[in-house]
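The following blocks contain the structures, represented as structure tokens.
Next come two complexes built around chain A: one with chain B, the other with chain C.
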Partner chain A sequence: MLTSALKIVTRYSSMFLPAAALLTVAVLALFQPRFLTAENLINVLRQSAFLAIFALAQMIPVLTRGLDLSQGGIVGASSVVFALAASGLGIPAGGFFGLLVGATSGLLNGYMVAILRVSPFVATLGVGSILQGLALIVSNGQPIFDVPSGFAALAWGQVAGVPLPAGVAIAVLVLVHIVLTRTVPGRFVYAVGSNEAAAVLSGIPTRWVLLGAYTCSGILTALGALLLSARVNSGHPTVGADTALQAIAAVVIGGVSLFGGRGSAIGVMLGALFLGLLGNALNLLNVSSYVQQIVIGGAIIVAVALDRLRIRA
Partner chain B sequence: MNTHRTFVAAIALVCAIGGWILADSHRVLGQAGGSSEIITLPDNFNVPDVKPNRKYKIGVLFPFLAAPFWVNEAYGVLDQAQKFGLEVNWLSADGYTNIDKQNSQIEDLITLRVDAILLAATSFSGTVPAVERAASAGIPVFTHVTSSNTPVIKAAVLTDDLAIGRKQAEFMGAALGGRGEVAMLSGPAAAEWSMKRAQGFKEIMAQKFPNIKIVAERFGIPDRADPQRLTQDLLVTFPQLNGIFTVADGMALGAADAARAVNRIEKMTITTASFSREAVPYIQAGYIKLDIDESPVITGRMVVNRSVEFLNGQTVPKLTYVPIPGWTKESLKTVDSAHHWAPESWKIR
Partner chain C sequence: MSHGSDGIVIRTLTKRYGDFIALAGVTADLPAGRITAVLGPNGAGKSTLLKVIGGSLRAESGEMCLLGHPYRPSTPAEAMRVGVVSIHQDLSLIDDWQVWEHFPKDHPGITIDQRAQRRRAADALAALGSGINVDASVRNLAASDRQLVEIAKAFARNAKALLVDEPTAGLDLDARDRVFAALRAAADQGCIVVIVTHDLRSALKYSDSVVLLRDGVLAFQRAAENVPLDSVIGQVSHDLHPSAGHDASFGHVILAAAIKAEAENGFLRFEVRAGSIVGIASHPLSRTHDLLRAIAGLPTQIEVSASLTGRQLTGGSAQRFRAGVVYVSRERSHEWIFPEHTVERNLNAASFPRLSWAGLMDTAKERENAENLRRGMGIVTTSLDQPIADLSGGNRQKCVIGRALSSRPAVLLLDEPFSGVDVTTRLRIGDILRKAALGGSAAVIFSREFDDVVRLCDEVVVFGSNDQKCTRVNPSDLTGDQLEAFTLQYH
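And then the complex of A and B:
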């Protein structure tokens, strides 16, 4: 009987996320009339956008059977560099240097993983710690709030009613989706994640694929950091310290396998949206912060368990 | 080889840019907008009751709750709100670095159309846009313990963190006879409250006790384990160390444990703040020489009072500083626990 139940669960596991999201919406609509207002839905879009960008960034190394634990450090370092450079040179220049931090960090991660063959866990954890320390040194441990006017508008502005960060997240989604599904390098990412040895034998330049995967992850993380800095209207060395764990949660809930080779950008976006929705729901229902941690942890465990069941099936 | 060259070239470019930015990297915190309506409450202040005109709905935000200070402060807020019959939505950001989470919580409270938001900010500057959105939505925002750098705040009930640091320095300087080596355990990096305490300490040390050398400053979470480890290393590195400044007493407990383990507690002057129940045995034993009470219960009660007074239509002072009495082994005999701490059986719900 248990085997039959497991088979049913596995068969319909791909519907878990949409079903959970619908259930959340239904419960909220019933118990909290303010949930379905345009104001709140726009809030959810804006709040989820940052996590979506970080999750899409995290997705790429995860597809290669790695992960990027340096995201928190990249966010802090990019945030500080962005704010400092923006205050002296203007927002576009600040953005460029902020993204450069992400690109360099990603390149460093990729070099260690692809060339030096260091475990992604160790490599990215070390890089993240270094970046966090550098961010604190450069900022002297203080937030940089001397930023140009218009800085906050990057995160709080809207275009045709759509929050700017949500627009950026959608653009990132489209880009990542097209690259992963419609380009040769994108297919290589899946191949390396599925079976790196077979990919090597097939002539796929696996080192370049890994280097590219981590570099792209770094750049996208830095992009999210720029928007997050605008949201908090300052460069902050420790903002986003939990980014990596939250992003991994969204990636896993979105159906990307931690064992590599399987997952979609659209799934990751839905995973991020679901986490944003869940957080919003729990706040609007006045659920204690302590209980919220249990609920979110439970959702992650269910998602990982379903992933394992699918693999075994 | 091409890969290596490309990589090295990229790193060199970024180092060059980074060095240029580093040369222009110093920024200082601004100060909150001044106000002539500043009240400092006296020691042993008794918080009055205020009658609300109706059952107001308030949103209360905390940066962190897993620390005795915040539990006591939450008790002050929630008990006072319950006494007045208010409806409360409370949320915690679960970490001083979770600024965006707190911003999202402010947005959700706006959606819920609460009558007022009582905010203990994770960041002085990072919460400004969200707070201003709340104000634009017609929701008055009051800050407690830590504020937000915007003039839209209706009233703030704060701890004077600079004064806490200065008080500790005065005590330390006198206790060391104006001579010695001091280490600083300065709390979470980039948390404004801890930075101000450290700043206040350094100011007085530099001005009044030039022969006391600050040999080291370390940052960390204000719990017990990490500061214990840090102190162990400091005691080895600086054999003449005879003073430790800490921003919160969780850190002081860890530091004291480390000093006791190597029999250096007798000659060590440890000062701290927060005045939690846990610290009392250490103060009584003389391990902690000074613990400054941040009056969390008074803070919590007063911010509720200010919000109710405002919603009732009264004028409220812009800034209220709560009392910060210092407790030593001698003065501890007069402490009234109900005034300072949540009851032991009280649980946050």
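And then the complex of A and C:
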């Protein structure tokens, strides 16, 4: 009885997310007419875009059977550097230095995981803490509001009717999807995550793959940090406080296995959208943000448990 | 022969994996006090049958009885509670523990009575005629002793039935004797002993009854003494034909290896020429069982320096792979398979760069490469998109060798490529290696399946027990038994 129920759950587990999203939309539309307005949906897109970028960044190390807990630190450090550099050198140069912070941090994560063989959990937790501390020192613990005009346009502007962050998120989605499904490095990432020993014996340069995975993750995280800074119109050292948790939630809900080697960028995008919808829905229903934390925690646990069952089946 | 009530009785068991029927109405009797060997080619349903009895799989239909009671376990734990214990090929012993720590405690709760547990371990091992020290560290045990500890552990649980998958894979003759003696001792004390094996010779020599499966169907169940070896080999293999090319003349030296030894000159050397297949046979005490791993650049306890077409091999295994030294590991699940990926991905895993253009994968080329390998290796699968985890052991083995060949190696190093593989597949692997060798590459095989070594290899290098000397043997003058006997007495 129980085993056959499990079988049904695992067989249709890929349908779980779309079904949950549809259900959320249906319930909301029923209880809250404001939900289905174009204005609100664009709002959801705008809000989900940041999370989608962070989740797509997070998924790459997760696919290699790792994870990146330094995302919050990277976001804070990139944001501060972006604001400082932008006020002196202009927004494009500021953006460059912000991304450079992400690339360097990712490289450091990758170096520890791939070369020193430190567990990803410890390595990225440590790097994240260091970056967070540096961001607080440089900014004196205060948001940097002294930014050039046009800074906020990055977050609030539109391209052909689409909010700019959503446009960037879609571009990142397409890029990550193509790299993962259609390129040699993409094949390598899945192989390393599935069985590193077998990847080594298949001649796959596993160290480079890990180094690259964490570096790409760092760069994409910094890209999200630039947009997030624009949204709060400042360089903010602690703006990324819950980034890693939220991103891991979206990755897991999007069907990526925490045991590596399985999952898709489109699934992660859906995971981020689902969390965005859920947050928006709970807000419109006047559910307190404290309760929202509980809901997200529950969603993560259900998603990971489903993944476990799928492996056993 | 069977009394129905004192063993396991199986009636019309059927098990499907999707469209694939693994067991089609199998009926058999597994009596207590007897050793029953389940034989058949890869994919015949042997492992599936064992898993259904052991509770890790459930049959769709059919019945089983254990000692006269209906028996239908849904988990291995449930099977174990009624006394049916499975012993898997990937043994469950923990390297860091001592032998006695693996044995069951004799009382519930969280406390450990070390003395009682030690005694229990010693009693069980003694009952099976084994003198293994219960304080020995598992790390230091030989493969056959690990197998014995597994059997004793099950025996100490008062198991009514022991289900053993490939009990003698990779073991030499003496060790096989010891393992079967222990299984016989267990049977003599009333156990139902069921083994699945590709080692036909030992199966017929040691077991009482033979269950032969083909394509999920019971071909026959007979007393072992009524089954001549030749007829089983005929049944288990689909098409027997000799592999050609033994007397091809060989090219230049592709691989030269020197093993650091305490001999007078300090090194044991051997060479492998282009177009040849070289077997490595070593005394069970020799440390050269890690020779191929060392040449492939994996960490081992022996020091080996090797050169490829005159160039010293350096660096780790990835670097050596790129140089053309490709290693096929004996560690089935740990070092071979990408379990959640498709057959196609697994076949292509060593060739991604070759199947791409400027970093972009050419999906048509990927499909074509995998399809060619599937046909060439004779891999039985419903589709290239099937997860590799669904394939039988022998078919996975073909996938891994296919993957290695697809990377176009200069030298292929195969570690125990025949263990757990049926006769047809062995011949097929032999043909494919021969074809690859004729194309100018070379293969080195380390194996304890001496019949296969003799049949396939152009020469065999034998290492002595204390790694003091080695010699070259021409296998065309020898039988497998003769080579094994020679290896055992070569000190």
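Some notes on this structure:
Convention: the second predicted complex is superposed on the first by the 312 of 313 C-alpha atoms of A that agree within 3 Å, B and C clash if a C-alpha of one lies under 4 Å from a C-alpha of the other, contacts with A are read in each partner's own complex, and residues count from 1 in each chain.
Here, contacts are C-beta pairs under 8 Å (C-beta built on N, C-alpha and C of every residue); 3 or more make two chains touch, one makes a residue touch a chain.
Given the structure is predicted, the values throughout are model-derived calculations rather than measurements.
In this superposed model built on chain A, chain B and chain C occupy separate space and fit side by side.
More residues of chain A lie in contact with B than with the other chain of the pair chain B and chain C.
Contact with chain C, but none with chain B, is seen for A:Gly261 once the two complexes are overlaid on the shared chain.
Once the two complexes are laid over each other on the shared chain, residue contacts for A:Val122 go to neither chain B nor chain C. In the overlay built on the shared chain, the residue A:Phe97 is in contact with chain B alone; chain C does not reach it. Look at A:Gly88: by the touch rule set out above, it reaches chain B but stays clear of chain C. Legend: residue contacts after superposition of the two complexes on their common chain; A:Val200 is shown touching chain C, with no touch to chain B.
Figure legend note: chain B and chain C, brought together by superposition on chain A, show a least Cα distance of 11 Å. Applying the stated touch rule to the two superposed structures, the overlap between the chain B and chain C interfaces on chain A comprises residues 207. Residues 3, 182-188, 190-191, 194-195, 197-207, 257, 261-262, 311 of chain A are the ones that touch chain C when the two sit in their complex.
On the side of chain C, the complex with chain A involves touching residues 58, 74, 296, 316-318, 321-322, 326-329, 331, 334-341, 345, 348-350, 352-353, 356, 359-361, 363, 403, 407. Chain B makes touch with chain A in their complex at residues 3-4, 7, 10-11, 14, 17-18, 21-22, 24-30, 65, 89-92, 94-100, 103-105, 107-113, 123-129, 133, 149, 188-190, 192, 195, 219, 348-349.
Residues of chain A that touch chain B in their complex: 34-35, 37, 39-40, 43, 46-47, 50, 81, 84-85, 87-88, 97, 100-101, 103-104, 107-108, 111, 115, 134, 136, 138-146, 152, 155-156, 207-208, 211, 228, 231-234, 236-242, 279-280, 283-284, 286, 288-290, 293.
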